[in-house]
Amino acid sequence: MHFENIFLPRWIVKQVTLLAFVLVLLASVGFCQQPITIGFTVSKTGALNVDSLEQYRGFELWRDQVNAAGGIKASGKSYKVQFASYDDESNSKRVQQLYTRMILEDKADFLFSPYSSGLTATAAVVTEQYGKIMLTTGAAEGKTYTLGNHYLFQMFAPAPEYLKVALDALKAKDPKATVAFVYEDAAFSVAVVTPAKAYAQQQGFNVVFSEAYAPNTTDFSAILDKVIASKATVMLGGGHYADGSTLGRQLYARKAALKMITLLVAPDSEKWVELGDAGVGVCVPSQWEPQVTAKPQFGPTVAQFDKDYRAKFNAEPSYESAGGYAAGLILQHAIEKAGGIDAAKVAEALNATDATTFYGRTQFATAPNEHGLQVGHSMVLAQWHKDKSGKPVKQVVWPLASKSANLAYPIR
Amino acid sequence: MSGILASMIDGLLVGSVYGLAAMGLSLIWGVMNVINLTHGAMIALGMFGMYLLFGLVTTNAYLLLLPVIAAGLVLGIVVYWMAVHWVIGRSELMSLLSTFAVNMMVIGIGTTLFSTSPYNVNFSLPGITIGAYTFTGNHIAAAVSAVVIALALQLFLYRTRPGKAIRAVADNREAAELMGISSTAVLTIAFGIGIALATASGALVSTMFPFTILSGGAYELKSFVVTVLAGLGKPAGALLAGVLLGLLEGALTPFIAVSWIPLIEFGLFVVVLVALPHGIFGRATA
Amino acid sequence: MDLALQLENVESGYGEVQVLWGISLEVSSGKMTTIIGANGAGKTTTLRTTMGSLRAWGGRVLLHGEDVTRLSPHAKANRGLVLVPEGRQLFPDMSVEENLEMGGYSKRARKRQKQNLERVYELFPRLKERGKQKSSTLSGGEQQMLALGRGLMQEPVVLMIDELSLGLAPVLAQQLFITLKTLREQGLTIVLVEQNVHLALAMSDYTYVLAEGRINIRGESDEVAKMDEVRRAYLGR
Amino acid sequence: MILRRPFFWLVLLASALFVFIPLRSNNVLLREDLILVAVAIILASNLNLMIGYTGYVNFGNIIFFGLGGYVGLYLATVRGWNLMLAAVVAGVAVSLFALLFGLAILRLRGAYFALATIGVLEAVQAFVSNFNPWGRATGMYVSFSAYQPLGGAMRALWITYYLIIAVMALSLILSLAIKNSKFGLGLFAIREDEDAAVVLGVNATVYKAIIYSVSAFLPAIAGTLMFYKNGMIDPSIAFELTLSIEAIVMLMLGGQGTVMGAALGGGLYETLRSYLLTSPKLSSFHLVIAGGLLLLVVLFAPGGLIGWLYRLAPRARKVIE
């Protein structure tokens, strides 16, 4: 380019070249700040929306905190997190269309599962074939992981764990209790109750009644009359928020003389306090409670998470929200370990994960016939008590090592 | 007290509310040959009407039935002029679709306003305890209210001029016109009353069970069953059929899993429809 | 002479099929006018169009000089134009009493409902006996009495009757005609569509003969009865 | 001859486009959108045989799709049958079921029939929810390994897509063939005036039962394919009353009684719904918009799109079926 000399003084050319170089450098640094897209559907409407939205809040809190800290840092690059999400209407009909859309059109790098085991199974068919990693939260049913996947990773302790804690706690208090199971006829609760029934009998309890109800049930009079007639002293079961909260109310209104009531999912929601006295005494198997302290290897402490969550949403975190946050945290950790967002490498890092966070321990099964199943996480049993001012509070009552209060037995 | 008796009493209490809901559907069918597919949405609006009113004025929830009914009447008149009037006398498909369209819109707006989360009306009356079984005050009050409203409707239809005009139009619209009865006015009022009954039953349900904006659908289906058992277009029979259906549910549940109940109900529905199209109390008139 | 009801060039029909091709009628107050004609000539259509149950495609309907063409049937009924329709059209699920009560529904009829009911019961004592019975349980003759009684309850300015004698035993039909005659003598304006041409011509003051949707012949009944073509076509001799 | 109808070739052309456009561009997203469109067209055009041709409003039409899904999935996954065989057997089984039920409930007319179909739908859903071999309310899951015989999930989904398009083409051709047959003429006679049709010698009972059964066949096959692709089936998605009614809405939108109307209505409605649902601004109003549109069609254009087209260009009747 010998013309330069003619038109421009040499020093200017030098300066311009330098400037250009700096600009390119800056730009490439800026490029390092590339976004990473995580896709998922939320049940904004439909039967699952209470539970699903709590999980969503967990995702949101994680994203905001990561981005505020400058994104996920791996191999010198940093990735800002952005979400692509749609409403699945609590219905699996469009789940595949939406997950395909997120993968192909929104170019999602990673995926979180929809809420509930049923929708997750449908989404998994799509994510698996594109080799996209999907962290499943709010989906405890285990069958999906036995179908031969490579890229599914379950954040929740699987279904058989749920009522085990409750039965263990019961065994310590009242080994002679007679037990009734009343549960939602849906993937998750069936997966929970089926092994729980066997476990109860194995523990020597007399199971006097067991019946499933349709997922959209609002009138439990008939089934509760049967529970009362069966003379059961303990009732275990439920399903999700909508049916569980109703069951809680109607048990109270009918003055069912039960010594212990354990319901799935519903009593863990911050909305449970709306039940007032009807909610007090009810137990819930929980993936996470703020009272259980764990020493996190990375991420926030339990107290920190609790505080940040309350500050952001002005509500108490549920285990659904903690699970949502933890899914992000574990993914972040794996990306950092893998040094990038290559799916195979991140999957490897997830397979190797055995970490303790505010959420507790997380480890995934790696055997092909159960790949991705959560094997590290353990559950606790929480029960609603009243504090001194008469306000309902949730306390951890089992295992004894983690307890923050004694199990109230009988309830009333 | 035995389980089966308790179960039957529960069935009876809830059944009368089913009956009330079905009366609305039946009245509209009887007067204008329209299967009102907004029924479920209107029941849901009744639930939310009660919820909102109870949030404004905390009083005995059952007193709030009156404003809910009044609002339902107005709403029904609006819906009639929006979607029903223009399809009267056209093929059934048209009225089915136009009412379903309104149903979609109401559910859509309701979902935006209330999402699909469950709501409760936090009002409870003391119940009656017999042995191990407790019948909640709300169930009893709802059943009594349903019967009172049903009787009031019956009195209106059989003892007042406008009520008789409605029956006349239902019986023979053209002849009613010849008597100087404005059938348009009567259809408007009858539709309004039908919707008012739906909202009233929704309001009663809301005092017993939690509800979402989608809850009306299940009660709409129940109303279909009850209406068919009573014989289409016979509002008086609907209450009785509702109570019978409740009793049947109550009598069956101790012996079979509750999940089989819908099969029995809808099986019965189809059989009655095919074998006794005039309902179980109906006689075959030409 | 005082005209109670006038039709001027009325056209009408069903769907796309025109039935009436310009009907003009004049009904004098206090007289009995009959419309006769073959099946499908448009007699019932004329009455239904007059009443407004069928929309008039063209022409005018005047009630005591007032144009009521576009009014709905119930508005006409409220002005005293009363039709006792073909096939009675009772309210089958209502009692006899209630059927009569519905006849007295309009504002103008309501005022004298009690007297009218007594008068109807006087004319048709059978109806009083059956007062609580559902109208669908009545015999054919009783149903026709009820239909007529219900029409009288309406305080008619003009009483139009479609096929009074259809399906009735001759004795019964005759009885009803005599009742009509009495009513006319009391000053009631009556328009009668009738298949029994003998009776119609014998009882009425004025007759219109309808054929293929047009007025063929009109005149005083006794004169019409003498016309050859009428005798041939309708009286069978 | 059906081969001489221009519409027949139009159907083939459209189906070919459905196959080749996503394939050429390897556009899976488009494929996912089109497969839902195709299912909508299958449901609408088979429903058209009942509503549009025969004048019987079937509110329970989704039952065929759902039952087909159950039977087919059961055979393909639990019994390990070949997918296509399972789908065809499901089609036959559901058609037989429809024939049986049809003979019972087709004695009813008008609104009574419409109500009965709702009853049958709910009863079947309740039955399946309690039926152990089919997984009760939890339903059945397809394991990932079930896609292996077709060469893995990725290929399996493409294959199901082609099959669905084939079923769509068959549905339209079936509608066309029936429309131009003596059998179709009998159905139209029933629609116009059943009593008169009987007097004219149409055996209405048999005709109605046959068309009810025929209208079940292809939706049942589509059900097998769709739920296989979906990876799971449960009673609440298999027997959704709303979906049934949506199929009627599609038909109305396009214009009942015409083959083209059913196809157009199905395609447009599904596209609209899925656009509204994923549009960030309109997603909360998708029901309101769809409902409003339906109301407008019912009140102002009861002939649907095709009816409107006919009014604009009466000659269109010659080409459009």
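In this document, chain identifiers A, B, C and D correspond to the written order of the chains, with residue numbering beginning at 1 in each.
FYI, contacts are C-beta pairs under 8 Å (C-beta built on N, C-alpha and C of every residue); 3 or more make two chains touch, one makes a residue touch a chain.
Worth saying up front: this structure is predicted, and the values here are computed from it rather than measured.
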Computed over C-alpha atoms, the centroid farthest from that of chain C is that of chain A
Chain pair with the higher count of C-beta pairs in contact (B-C, A-B): A-B
Please tell me the distance, in whole Å, between the geometric centres of chain A and chain B computed from their C-alpha atoms. 40
Report the inter-centroid distance (CA atoms only) between chain B and chain C in whole Å. 42
Could you give the separation in Å between the centres of chain A and chain C, each centre being the mean of its C-alpha atoms? 79
Where the centres are mean C-alpha positions, what is the separation of chain C from chain D, in Å? 53
Mind pulling the chain B residues that touch 2 or more other chains? 111, 257, 259, 261-262
Counting only residues that touch at least two other chains, what does the list for chain D look like? 129, 136-137
Shared-interface residues of chain C (touching two or more other chains) are none
In contact, pair by pair, are chains A-B, A-D, B-C, B-D
Footprint of chain D on chain A - complex, ascending: 86-87, 89, 91-94, 96-98, 100-101, 104-105, 118, 121-122, 124-125, 128-129, 143-144, 146-149, 185-187, 190, 212, 214-215
Over in the complex, which chain D residues touch chain A? Could you list them? 28-29, 32-33, 36, 129, 136-139, 141-145, 152-154, 157, 229-232, 234, 236-237, 240, 243, 274, 277-278, 283
Chain B residues touching chain A in their complex are 2-3, 6-7, 10-11, 14, 111, 115-118, 120, 122, 124, 127, 129, 132-134, 136, 138-139, 208-212, 214-215, 218, 249-250, 253-254, 257-259, 261-262
Could you please specify the touching residues of chain C with respect to chain B in the complex? 51, 53, 72-75, 77-78, 82-83, 85, 89-94, 98, 101-103, 105-107, 109, 136, 150, 154
Which residues of chain B touch chain C in the complex? 161, 164-165, 167-168, 170-172, 174-183, 285
